[in-house]
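Here the chain labels run A, B and C in written order, and each chain numbers its own residues starting at 1.
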Amino acid sequence: MTLFFLIGIFALAPPTAVRAYDTPDDGGGAVTIEWQLSPDDAQLDKYEIYRSEDGVDYEKVGFIGAGRSRYEDETEDGKNYFYKIVALMNTMRIFSQPSQPVMSSAQWINRKKLNIFVALFIFGTFILYFTYYARRGKEFFIRKIAGLQAIDDAVGRATEMGKPILYCPGIGYIEEIATIASLNILGEVAKKCAQYDTKLINPHLDPIVFTVAREIVKESYTKVGRPDAFDPESVYYITDLQFAYAAAVDGIMVRERPATNFLIGWFRAESLILAETGASTGAVQIAGTDQVSQLPFFVTACDYTLIGEELYAASAYISKEPLLLGAIKGEDWGKLIIGVVLIAASLIGLLTKFPVLNLFR
Amino acid sequence: MKRTIPLFLVFIFGIMGIIPFIIPNPIVQGTDEFVRNNLLKILAAFALILGLGSLLKVHMDKIRRRRQNWGYSWVLIISFIITSIIGLFGGVAGTGILPTTIGSFSFDVWTIYFNVEVPLGSTMFALLAFFMASAAYRAFRARSTEATLLLASAFIVMLGVLPLGERISPHLPSFAQWIMEVPNVAGQRGILLGVALGALATALKIILGIERSWLGGGGE
Amino acid sequence: MKIIEILTKIDRRIIYLILLIAVIVPLLFPSPEKVRVMPPVEKFYYAIDKIPEEKALIVDFDYAPQTAPELDPMGFAILRHAFKKRIKVLVLSLYVQPLGLARNALTQVVAEFNSAAQTNADSIIYGRDYVFLGWQVGPILAMLSMGESITNFYKVDYYGNKTDTLPLMKQIKNYNNVGLLASLSGSDIPKYWVMYAQNRFGLKVGAGVTAVSASEFYPYLQTGQFSGLMIGMRGAAEYEEMIEKNLNIKSRKKASESLPALTYAHLVMIIFIVIGNIGYFIKRRKK
């Protein structure tokens, strides 16, 4: 009797309701195990997770701290697994009942990401819809963007003064949207340089961006009928170090004294170094970036600044290409819908108990 | 053909960037990993070779034609050659086939990095403080109500960050924190949303071939 | 007229000289300042403090030497915190440049702890308590690949050891075994960790950033995408304060020592802005 009493005092209670299931919305190879905490959880050191393929021989596959009741195990797809959870306190351990057999497998769709896919689809539809109408001849209005209006004047100024134009596309890699937008504008600026026979200086930090930029500038010169005027050395790679690049561009500004500086693309801390040096040489400066932290520096030191999406709209704005204008219109409608959804969701969340946030997780 | 193949490739790789986000299946994820881990690395390596080739060509041409400041081109080329030899044959921490120590003097790549690149980079970065001071002095004027509001917020945040701010008023740091967490976040969110949607639209335009100026020469 | 000329057209070299003096003098005569700990840093501290025993902390050193004065103290403070609490640590860099800084921080902090250790159990042992993964090509590649398997992407560590032979890496397989990732960066990298690692794999992320880029990270803190945020030198000083107060870690507080220089530099800028505006208003009134 005393023995049973002592066992009653010192024995641990095991975790219960062990449930193992294939981890959802993944590429397979994972099983999630959940359980009810042991009533003695507060005294436990940890839980250990044991696994078996035949329901007889179990081996330890992991551990987790006390107070936690969920574990994800790495498994092989197509095999049945059984799980037991072991509660540990010092040297005492007690096993739970085994789980039902479970097999992991890969899923084709991650349901948690479906809301993003739906949003992408709606947004893409707007863009395609307005592009379709643009193709059919409908004209779309785009508001004046001062920085882009000034490009012609800026190039003209350089031509009159007989000085070069410096085009700095920033320090971003080719996957940055700001860099792609900058290269689009570079194409247009290069066309004007070719037309007016103005020297273009285009230094680069990234070798891939440099390669693309060279082709763009070459094509621009060819497009306006001046392939002979293209100087391959006007577009060149300097270095992939941020401040070494800034030092090199500063050197170009001080030595070559360009009449116009274009600082358009993805910038970081070197933005003010470039802008302030350019300002000290008396050049007209047109800047543009989507990096919010650098915008104040450009606004302070440059004559014109393209902020965020104005940079992305530049290609459509300069070329006046109907398809691109249609895409901008679609983008604006998408933004409007998002604004309306945000306001509606906020009101629903504030005024009702509907779990509206779950729609966006 | 010259324009069709790049457009087709951009479409395929663009879709391949989106699909793995939604489809967790190992076949799709494996393809995505192969492209990222292998193809892109090889591409980056070749682009670097092209870039270095261009750099050397520009400077050697400058030397050949004795253009202005051609002497500095010699400095660049000689530094490039020396650092490349030390890096390629001496190893990163002097563990290669080329010895990179003479007595206690070491000239491996880490030494060059810590004694040349780090101080030079730090010097350039340090310029920011001075340029910020001169730009702020030149341009921060209370020209309008908005500019005055901006100036006042700037002063509060600048002082709130410092221990001095706490001595001026114990509420100043909290107020500065509030400015950063509420009006600043509101403005940032607006710009972030716009930038994110603009980036999404630009990416979609490029993938779908609507935006083609990256091909060179215009949108046809 | 002369006053307006002086006030509105101070030669920039005079501004540079005064700023230089204001920064150098406090650095030559350092006196650490105490700071009040603000909620974003507190959240960061407790996010690391609460990492469970079976999970690791990843510290991502992603800043160039230029931003080291702001971010190095953060790295040192986080490593001291983690090693004091015996939290397992993985250190990596997504770019080549910060590797030296990461190695420097690890070497120094580990030496600090081991010089005070009495037994092997007290010591910080490589491979058991921490691993320096080093660098591999492609920052986004790293973020995505580590969600599946860390040792598959980082096949060898910084020192050339095969990662799957290290005791720590037998436990820490992927993000499921990581309690928090602390990203110390002078650029956008913390946002990419959220975009790729958190969105896809649910990884918790904390960020240590430079003061100039702080404003763009606050939205992420508010939504809970960042578990904590340290901003600039002040943020580093606050974290140093927390580890000293809570864990009794007495070490050199580089960030706190640099705060006086920051104070005087800010004051100089404020004074010049005020002078410029006084000149501007006098000029405007005369017109």
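The rule we apply is simple: a contact is a pair of C-beta atoms (placed from the backbone, for glycine too) under 8 Å apart; a residue touches a chain by one contact, two chains touch by 3 or more.
The model shown is predicted, which means the values in this text are computed figures rather than measured ones.
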Farthest-lying chain, centroid of Cα atoms versus that of chain A: C
Most heavily contacting chain pair (counted by C-beta pairs in contact): A-B
Intercentroid distance (Cα basis), chain C paired with chain A, Å: 22
Distance between chain centroids, defined by C-alpha means - chain A, chain B (Å): 14
Interface hub residues of chain B, defined as touching at least two other chains: 21, 29, 44, 117, 121, 124-125, 132, 134, 136, 138, 140, 188, 192
Per-residue overlap in chain A, given as positions that touch at least 2 other chains: 241-243, 269, 292
Junction residues of chain C - those touching two or more other chains: 64, 66-67, 215-216
Residues of chain C that touch chain A when the two form their complex: 52-54, 64, 66-67, 97, 173, 176, 186-188, 210, 212-213, 215-216
For the chain B and chain A complex, residues of the former touching the latter: 18, 21-26, 28-29, 43-44, 47-52, 54-55, 57-58, 61, 68-69, 117, 120-121, 124-125, 127-128, 131-132, 134-136, 138-140, 188, 191-195, 197-206, 208, 210-211, 213-219
In the complex with chain C, residue positions of chain A that touch it: 46, 62-65, 68, 72, 74, 241-243, 268-269, 291-293
Residues on chain A engaged by chain B in the complex (per definition of touch): 25-29, 106-110, 113-114, 116-117, 120, 123-124, 127-128, 131, 177, 180-181, 183-184, 187-188, 191, 204, 206-208, 210-212, 214-220, 222-223, 233, 236-244, 246-247, 255, 269-270, 272-273, 275-277, 279, 290, 292, 297, 300-301, 307-309, 311-313, 315, 319, 321, 323-324, 327-328, 330-331, 334-335, 338
Chain C residues within the chain B interface of the complex: 10, 12, 15-16, 19-20, 23, 33-36, 38-39, 64-68, 100, 137-138, 140-141, 144-145, 148, 153, 200, 211, 214-216, 218-219, 221-222, 232, 234, 259, 262-263, 265-270, 272-273, 275-277, 280-281
